[in-house]
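Note that chain A is present in both complexes that follow, paired respectively with chain B and with chain C.
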Partner chain A sequence: MKLAFQLAYKNLVGAGLRSWLNVGILAFTFIVIIFFNAYLDGWNLQAQRESIKWEYGHGQLRHQDYDPLDPFSINEAHGKLNTPLSENLTAVLIQQASLYPEGRMVSILMKGIDSDQKILELPTEAFAKSDANIPALIGKRMASSNKLEVGDQLLLRWRDKNGTFDATEITIIEIFETDVTSVDAGQIWIPIERLWNMTGLKGEATYFIASEKYSHSPVDKWYYKSQAELLKQLQEIIEMKSASSSILYFLLLGIALLAIFDTQVLSIFRRQKEIGTYIALGMTRWQVVQLFTVEGSMYSILASIVGTIIGIPIFWYFSTYGIGMPDYVTQQDMGVTIAQRIYPAFTIGLIMGTIALVVLSATIVSFIPSRNIAKMDPVDALKGKVQ
Partner chain B sequence: MKTLLKISLIGFLILLSFFTQAQITADQVLDKVKDNMNANSTITESKMVIRGKRNTREIVSKGYAEGNEKSFTEYLSPEREKGTKMLKLEDKLWIYNPSTDRTIQLSGHMLRQSVMGSDLSYEDMMEDRELKEIYEATIIGEEKIGDRTCYVLELNAIVEDVSYQTRKTWVDTERFVPLKEDLFAKSGQLLKRIRLEDVKEIDGRWYPTKINYKDMLMSGEGTDFIVLDIQFNPEIPDYIFNKASLKR
Partner chain C sequence: MEPIIKIENVTKKFPEGEGEFVALKNINLEFQEGEFSGIVGPSGSGKTTLLNIIGSLDQPSSGNAWVMDKNVAELSHKESAQLRNLHLGFIFQVYNLLPVYTVFENVEFALLLQNKSKEERRKAVMQALEWVGLENIPNKKPSKLSGGEGQRVAIARAMVKEPKIVLADEPTANLDATNAHAIIQTMKKLNEELGTTFLFSTHDEKVMQYLNRIIHLKGGEVEKDEIITAQNPKS
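Showing the complex of A and B:
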């Protein structure tokens, strides 16, 4: 085996540019595969972390009629919890409303939340510091899409529990910055006590956010979504994205492997005398097959080394400084959390897995043409006859 | 002596007419408005002028109505809206869209959406209760709108499930046609203003042929509803107010 490696290495280095072209394209594929996967893993990790901090907490206890994906369910989906309110739950009440910035009507969701809550990162402590009639927190996206600033006062129109219109001015007291569009775009956060007074829905909530200490037991008319269940949808979206991206790198890998395959076929054709000599010198046919297979797979080993040398500074740069996402992606509610800068997560598992994939696939495509050696007549091979 | 008697008689009649007018109650005004504006059935051809930020759209439609509870509207133009039909039976509303060949029933919050991008919501068209049933009306004064003298009526809700807590209506003292209406939120904020203009005498009754709906919280000139032709109390076949007529 050691001999096979030595011979393979000498043959590869001896082949010069042809070998380095194969190594180059394979190294490029290696870097692309790692980069894409690390980028998606980074996105996933960041999105999960941010969603927990800003939206999901450690789970949500939702009213039976509440379906976040059905905007028509929102206004009717609210109720009181029959059991005494646990201190490990924070109530959120959602109602539809219209906001009128500069004479335009914008349909929004107004969300009421306890100003003392500690589960989410929302800066709700600002409510207590404000003396505005209705203090409101908004996200950066909501502020920029409606050109709103801290201190702005604007008219809000809503309906109470009987459907009667009411309208008054709200004051923007703080603009928070988050990657989670579903707590930002098209919505305002106000103290839940104020929302209860405005709508007449005293003590009611659309959902409760659970803290780490909350342990769930079934409650009539309410259903519980654990943190893992809430994150599942996000993971599914990213997995789908990962599957579609894999087409790109499988295509690249396919091209690289095709180049190795062609090189192997050509190599076996041109080196028949050499093959005959090996057999004449006492090597078995399968030892020669092994030699050529090792030679082919050696491309992938060299590619991994070259890829690592070139890749490390690139990976280090992106994992330190991140990749900026365009505004049109991060400013809109795409249904999935996307950070403004995504920091790819390069893990040992990912790198080792990619090396294994590249080496294994290169070994297989090297072996396929090399099998023909086993069928060769050594005398004809020695004579250099085309077989 | 005779002249003095005549003057006294005329003076008495003027006083009497003034007294009887002053005696008219808000409910009586509302009844007279109802008699004037409502009919057992109507067939109306109308044009809705919707003013957007960039352009103005005109939608022509033909509507059939029986009382306050049954109505059927078919949009005739522009081409994009042509063939869209709307059927209202009591508290239910269906819309048929010819491009998808589908009929959908609007319910809940879908009713709060704007009708064809106008300042009117479907819900505005759904209210079929009489004003007297849901509001307590008071005459709070008289004002002039243009050259017409109007009673100013304040209507305060007496039931909980109304869209507007308070309304203020200006009703022509002679023709009993409302000429202006302001709709207020619970907080007293003015939300919508309806102006009724071009009052014409049609079939012995005074009827406004141009109605402007304006959301007062928004900039813009609001939506005009122009009556091109109206027939009062015509015979409308029953099949019109049937779901099957939506796809016909």
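Showing the complex of A and C:
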């Protein structure tokens, strides 16, 4: 085996440009695969971190009718918890409403939340400092899409629990910045006591955000989503959104492997006399198969080395400075959390895994044509007559 | 003394179109250790076919070929590789040097397969290069060699493991007269000093004058088996 590696290395280097082309394509693929996965991991990690801070907390206890993806049922999905309210749960009540910035009407969700909550990053402590009738917090997406600024007062219209319309002025007291669009776009945050008064739904909530100390035991009419479950959903969304891009790198890998396959087929055909000579010198056919297979996988080993050497400064740069996301991606509600700058997460595991993937697939691809050497007649090979 | 090579009723047929072509017909031959003999005959008479069978690169269609007490027809791939690696040296008409290796590495190759230590290998390779007079250019690549030098590397490669038998298929066919003589003299010297058995296939008169024994092959049959009594070949 060691011999095969030595010989393969010599043959590869001896073959010159063609080898380096293969190594080049494969090294490029290697870098793309690592980069892309690191980007996804980075996105995922950041999204997870931010979502925990801004939305999930350590889990959510949801009313049985609450489905975050169904805007039509949201107004009815609320209730009282029939156990004494735990201090480890922060109530959030969601109601639909209309806002009138500059005379236009915008449908929004108003979310009531406890001013004293410490679980989320939402700057709810600002509620207490304000003497506005109804102080509201909004995110920067909401602010920019409706051209709102701190201090703006605007008309809010909603129905109370009996379906009667009511209206009042709210005041924007702070605009917060978050990567989590689902606590930002199309919504305002107000103190939950005000919302209870406005709607007559005293003590009711759509869901509760759990703090770290909360331990769940089943409650009738409510269901619990642990932090892990919520994160898993998030990850699934991210993976779904990126599935199409991963086709790209499989395509790239495919092209690189095809190049190796092609080189192997050609090289076995062209080097028949050499194969015959190896056998005449006392190699078994399988040793020759091994030699050619190792030669093929050597491309991937060299590619991994070259890719790592070229990749390290690139990886370092992007993991330090991040990749800026265009505004059209981060400003809109893409239905998934995406940061302004994504910092790809390059891990040893990812790099090792990619090396394994590339080396293994290159080895298989070079073994397939090399296998035929075992069936060659050495006499024909020496004459260069194998078809 | 037991012959080192013993060909017993060997017939070799090749499929050809619907039928088959008989390349060797019921050959019977024996070679003693240390012989310096050659098979001569017109093109297509079966010289290469016979050498390939002896070299265990090919199998007889019927009959037996014993090489160092091993029946070539009965060897596994692994055993025949072993036989070639340890005991057989091949020299071809086209030198079949491995193009990416240096002269030294080409010669070293057989020893690598034998798992010899680096020091042992270096010594043996330099010795073999000395035998053929190439000790000064171990680092040249085959593409930079003249034809005569190339064939001498091939001889060094065949000889480096000090095999019992060297099979040389028209080794001088691509060489000019001077080089042909030089090469054959080198082999003759090795034959005398090391006792290696040489078996040539050739139609080269220059080669024939050095041989101790000439087997004439025609149409796949032995036409004449001629022992040459010692005489001084002209150089």
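Keep this in mind: the second predicted complex is superposed on the first by the 382 of 387 C-alpha atoms of A that agree within 3 Å, B and C clash if a C-alpha of one lies under 4 Å from a C-alpha of the other, contacts with A are read in each partner's own complex, and residues count from 1 in each chain.
One rule holds in what follows: a residue touches a chain if its C-beta (ideal position, glycine included) is under 8 Å from a C-beta of that chain, and two chains touch if they have at least 3 such contacts.
Everything quoted here is computed from the prediction, not taken from an experiment.
J.: Chain B versus chain C on the shared chain A, clash or fit?
T.: fit
J.: Applying the touch criterion given at the start, work out whether A:S246 contacts chain B, chain C, both or neither, answering first, second, both or neither.
T.: neither
J.: For A:G103, decide between first (touching chain B), second (touching chain C), both and neither.
T.: It touches chain B, and chain C stays clear.
J.: With the two complexes superposed on chain A, say which partner A:E76 touches: chain B (first), chain C (second), both, or neither.
T.: The first partner, chain B, only.
J.: Touch check for A:I279: first (chain B), second (chain C), both, or neither?
T.: Only chain C; A:I279 stays clear of chain B.
J.: Is A:Q235 in contact with chain B, with chain C, with both, or with neither (first, second, both, neither)?
T.: After superposing on A, A:Q235 lies clear of both chain B and chain C.
J.: Between chain B (first) and chain C (second), which does A:T347 come into contact with in this model arrangement: first, second, both, or neither?
T.: After superposition on chain A, A:T347 lies in contact with neither partner.
J.: Tell me the contact category for A:S130 with respect to chain B and chain C: first, second, both or neither.
T.: In the superposed model, A:S130 contacts neither chain B nor chain C.
J.: Upon superposition of the two complexes, what minimum C-alpha distance (Å) separates chain B from chain C?
T.: 72
J.: On chain A, which stretch or stretches are contacted by chain B in one complex as well as by chain C in the other?
T.: On chain A, the chain B and chain C contacts do not overlap at all.
J.: What residues on chain A touch chain B, complex-wise?
T.: 71-72, 74-76, 96, 98, 100, 102-105, 155, 157, 159-160, 162-168
J.: State the interface residues of chain A toward chain C in the complex, per the touch definition above.
T.: Spelled out, the residues of chain A in touch with chain C are 3, 6, 10-11, 13-15, 273-274, 276-277, 279-287, 377-379, 382.
J.: Report the residues of chain C in contact with chain A in the complex, numbered from low to high.
T.: Answer in residue numbers: 52, 55, 57-58, 77-78, 81-86, 88, 90, 92, 94, 96, 98-101, 105, 109-110, 112-113, 157.
J.: So in the complex, the part of chain B that touches chain A is made up of which residues?
T.: It is residues 108-110, 112, 157, 160-165, 183, 185-187, 189, 191, 215, 217-220 of chain B that touch chain A.
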